[in-house]
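Okay, so here's the structure we're looking at.
The letters A, B, C and D name the chains in turn, as written, and every chain counts its residues from 1.
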Amino acid sequence: MSFSAENKIHFDNDYMAGAHPEVMRRLVETNLDCSIGYGLDDYSKAARELIRQACDAPHALVQFLVGGTQTNATVIDALLRRHEGVLAAMTAHVNVHESGAIEHSGHKVLTLPSHQGKVALSDVEKHVTTFYQDDTYEHMVAPGMLYITQPTELGTLYSLSELEALSRFCHAHHIPLYLDGARLGYALASPAADFTLADIARLCDVFYIGGTKCGCMFGEAVVAPDPERLPHFFPLVKQHGALLAKGRLQGVQFATLFTDNLYVNIARQAVELALQLRNTFEELGYTVAVDSPTNQQFFTLPNAVVDALLEVATFEYWGPRGETESTVRFVTSWSTQPEEVHALQKALIEAV
Amino acid sequence: MSFSAENKIHFDNDYMAGAHPEVMRRLVETNLDCSIGYGLDDYSKAARELIRQACDAPHALVQFLVGGTQTNATVIDALLRRHEGVLAAMTAHVNVHESGAIEHSGHKVLTLPSHQGKVALSDVEKHVTTFYQDDTYEHMVAPGMLYITQPTELGTLYSLSELEALSRFCHAHHIPLYLDGARLGYALASPAADFTLADIARLCDVFYIGGTKCGCMFGEAVVAPDPERLPHFFPLVKQHGALLAKGRLQGVQFATLFTDNLYVNIARQAVELALQLRNTFEELGYTVAVDSPTNQQFFTLPNAVVDALLEVATFEYWGPRGETESTVRFVTSWSTQPEEVHALQKALIEAV
Amino acid sequence: MSFSAENKIHFDNDYMAGAHPEVMRRLVETNLDCSIGYGLDDYSKAARELIRQACDAPHALVQFLVGGTQTNATVIDALLRRHEGVLAAMTAHVNVHESGAIEHSGHKVLTLPSHQGKVALSDVEKHVTTFYQDDTYEHMVAPGMLYITQPTELGTLYSLSELEALSRFCHAHHIPLYLDGARLGYALASPAADFTLADIARLCDVFYIGGTKCGCMFGEAVVAPDPERLPHFFPLVKQHGALLAKGRLQGVQFATLFTDNLYVNIARQAVELALQLRNTFEELGYTVAVDSPTNQQFFTLPNAVVDALLEVATFEYWGPRGETESTVRFVTSWSTQPEEVHALQKALIEAV
Amino acid sequence: MSFSAENKIHFDNDYMAGAHPEVMRRLVETNLDCSIGYGLDDYSKAARELIRQACDAPHALVQFLVGGTQTNATVIDALLRRHEGVLAAMTAHVNVHESGAIEHSGHKVLTLPSHQGKVALSDVEKHVTTFYQDDTYEHMVAPGMLYITQPTELGTLYSLSELEALSRFCHAHHIPLYLDGARLGYALASPAADFTLADIARLCDVFYIGGTKCGCMFGEAVVAPDPERLPHFFPLVKQHGALLAKGRLQGVQFATLFTDNLYVNIARQAVELALQLRNTFEELGYTVAVDSPTNQQFFTLPNAVVDALLEVATFEYWGPRGETESTVRFVTSWSTQPEEVHALQKALIEAV
């Protein structure tokens, strides 16, 4: 449930505004240029090269798609063989919020317990190991790949050592590791991040750099450091309805974001504001529902406080906790202004 | 094959430029507004209402998607029952150029002869009638809907009476009629058009108003005059990966195009320029390969003339005709400038 | 893991032997008759009529398929709209043991807790109710039908009142109730059964009467008391590869089983033998792992006892319970002989 | 349309009777044996070994399925990558008579002209060659395999040199060649056959040996001489609902048919009777509609003759030829008796 209204500050999600102004400036500047379609243009070529450099993956396949659900469905369909399913946390976007797009392509989501949005290596190991110990395993859906989100749907992060351990296990068992980076900018910009984009490229078989929530008007960049991992990906993207005619639009946007590190820089302010907000809540003694170091913050608050905050802001309601409290989510983005956070902090202090 | 190069005039297709300047202006103006996602925002509501008015279809379901292949796959999947296929001309986009997106959703394309890109009522009648006369018809794919394009992939138009006849037959046989309007603006703006948008809404069960090729940066508007024709369409759009997070982007664009008839007005110049080009070719004695009254023009030219034109322009090669001639396609769009057509005409005259 | 070997008694499962001798006799008798295919023959007509009578469902659609996984995939595909999934217990065959056949047809299995193999009405209610309370429900897979097994994969039974309550809830919420009766004979023959085949036909929208495990060589009979529930089912069966050319084979088999109540009569001895076995285990103080009143019996035994029994019999190993015990499954069928059970009982007593 | 009635001779198709008596005898003999399921039993192992010997393919994967449509859908799904389609003659069973089973699995049938049911190498070459010459080929469905039937749906045969030429082309272009042998026995038994089963195994990547129409009660044996061609085929068979629980049933049947060459021997009489029938028609001056050397014979007859024959026999009507003639099909099988053919010949002579 989302409370939205006029003249309020918006913390509902990170896709409420359009494009970052610098991205928009470039879209306007190049608007009447003529270019060939489907990402074969020079803007797209340049963007792909900038992304390869940022990932330290000089031979990577980089393919632009339009949105997150579409990207997940297409990549998962490309990576899995028909008898295989995708391992994912119970809370994973692909399991919960994609209207069955993964199953529409014929694949089962094999759920693992969610540890604050993350999968535990031990659960992955247990699933894969016991699977092949079962005599009837060919009557069941084989674990064909592992899907993780960074940051997770709950704002949490896998540490570098966690990523390395998952990657090691997956590679030892020939299970591709796929990282959904819908909010990857906010992960890379977190003070808690002990990994780089190059680490992700080194450890994952395929991942995507989210644009929609991180400065683009729309668009996601799929990266396969070893292109052999995604053979015949282009026609599959087309078949999934995910190939934009004016592919240069994504090229222009990603080229802008991957110049002078803009992608991470604009995310940094969002994370800082989110953590300031968290500080205020904690100082006032409220419970942090999830220990998130990124742009999504979850609190369990007295219902009266929720009501008071709703006078000035919109945000997501995540459900009741007992009779008198509720859990709510506040999301910042590159477009969130410091004054907006200050106004919320002020309202919070007054609500006490 | 597409000849593209620097400093040339581009007649390759109608999606080489970005958005119409007025559309871009509105995207910039609204860029930093915050709005809720998935088309539930006020811009999208306004756009849907403007489209309903233009279609004289006050209760229509209007849903925005991103691109054409995606839209066709989603609508066809929504309209067909599982044992049914879609009737379409052999040359139809859904049969030829969508990388199997229709089949990916589980449906067969049942091909009919192409008459300059159009299906003939007599062929539809014959297919449907003989199908149900066959004792084993339940072992075959039932004709569940009819797909047509307006204008067709060859630039031709169905007349009002042709549309009425197809509609009458389809409705009598409970076969939904679906019109792919990827280039619908160029149909409505043609001097040969004897139908209106309201006629299309009256005669078709579902159709889409193309944005990508007709002034939008991207986006297509699916219209079902009777919303009962597309029950549960929203989750199906999501499942197909066709739901844009920032739905308001399409709302802003379509609201702009459906204000003061901009949608048709910007297409009119494109069609006029295309017909001027055709005149020049005909005056010089060249063969028109297809009798098209819209923005796509096909000519069969001596190879020497093709080579001469390639010095100044880019356009599509459609294949050899004998030893010494080739068929080529020239496409104009809202972004084509009169001077560009004049330059091509000049080059053509000099090439003689 | 299945222990199988020569000269042992087999309790592995209920599909180890061929057809019941009476069924086989009829197959031989009719073997060289010529008949038209695909179930349009007179044997199939007679079988359908006998099943309608046994179900007290005079207008029922009765369609024969070949095997269980195929039947589940086809019926579920027929009942669900594209944006819907199937509610089922975590332990349901469709969720665990069909190699992803449900997802292959595009549908998600929405899992509910398993209560000894059964779903609880309260869990169904909670799932359906909270689903539609969520603002974002159109981004999730809608609960489109309920799948239950009778008896369950663990041998347990829904009582008549449980079936009535599930049916009432499903119908109030327009969610078809589908019952997988792979072992339905052993349910109807159980002393614990307080329902009849007519009750099942009255309460379920669709169900299937299992043949493969209940006396047929192969074959399952899908029943929809109201045929409107399965429109265009025949071509869908064909599309799923589930239509047997020589449909009369199923007709002959089911007509035999539904003459003089043979279907239930041959299951009765199997259940009685299973319960005798259970008695012996309980008298000797062993733990019944599941309280099953049908032909599958689950016990947790000391590993030494398991080893001793393996000297004379084959049965399924279901996993360790601590260091020194294991859970195992014994299954009887219409082909199990009293002497075989006696031999196992003897071995058990000697093993103490 | 099929004319069927009591006390007539049946030439409708080759699946009207049950199993060959010798096959039935073995099914009865082994009926109460207990064996493990899913084809892991000793009967199936023996059958697989006998088939490998008959094919001179000692390492072949041999997997039993139940019926033809199911087999085609499963094999094609296994061989194709997602962006690929299957090349087949316009008249191919997979294109016409499988209710869209191929498309249900997500694949397009790419049709080629039918030359009396066969595809011409020149058409295959043209399709594949022009496909990759098109700049936009990634927007189209790639030719991923070739499907042929032997004998074809029209009873015709590919000669050894035709098979060799198709095989050579396919292998040179990395396109698997798949042969649908629903009636393979009648091909091998034809006096026109200049190929052996070993030739087929040598030239095809995958093929199936039809059981349903050639002596089995039901069942088809898929053979992949190089098992690497069908990796993970077992779970895919299960996923397609094509795995029979009592797999030994197919094992028993195929082991019987592949002992002492029974498979071909019982087909030989069928072909001989079909050719005797053809002789009579030709001697009487009637037109052979298709030049078939196998068990299906097609004639174009005066309608009065058709009516006369319908008094004594049932057979398939294939449509009118002008005002006064019709084309009809007569099919013999292993169960056809010489007296039945004689009776038809007699009726034919009297009808003149």
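One rule holds in what follows: a residue touches a chain if its C-beta (ideal position, glycine included) is under 8 Å from a C-beta of that chain, and two chains touch if they have at least 3 such contacts.
Just so we're clear, the structure is a prediction, and the values are computed from it rather than from any experiment.
When you average the Cα atoms of each chain and compare centres, the chain farthest from chain A turns out to be D.
Looking at which of B-C and C-D shares more C-beta pairs in contact, the answer is the pair C-D. The geometric centre of chain B is 51 Å away from that of chain C, both derived from CA atoms.
Averaged Cα coordinates give chain B a centre that lies 42 Å from the centre of chain D. The centroid of the Cα atoms in chain C and the matching centroid in chain D are 34 Å apart. Counting partner chains per residue, chain B has residues 2, 82-83, 98-100, 104-106, 138-139, 235-236, 238-239 touching two or more of them. The touching residues of chain A, counted against chain C in their complex, run 1-2, 82-83, 85, 96-100, 103-109, 134-136, 138-141.
Put simply, chain C touches chain D in their complex at residues 2, 4, 10, 12-13, 15-19, 21, 24, 27-28, 30-37, 66-71, 73-74, 98-101, 104-105, 212-213, 217-218, 235-236, 238-246, 249, 335. Those residues of chain C that touch chain B in the complex are listed here as 77-78, 81-83, 106, 138-139, 142, 231-232, 234-236, 238-239.
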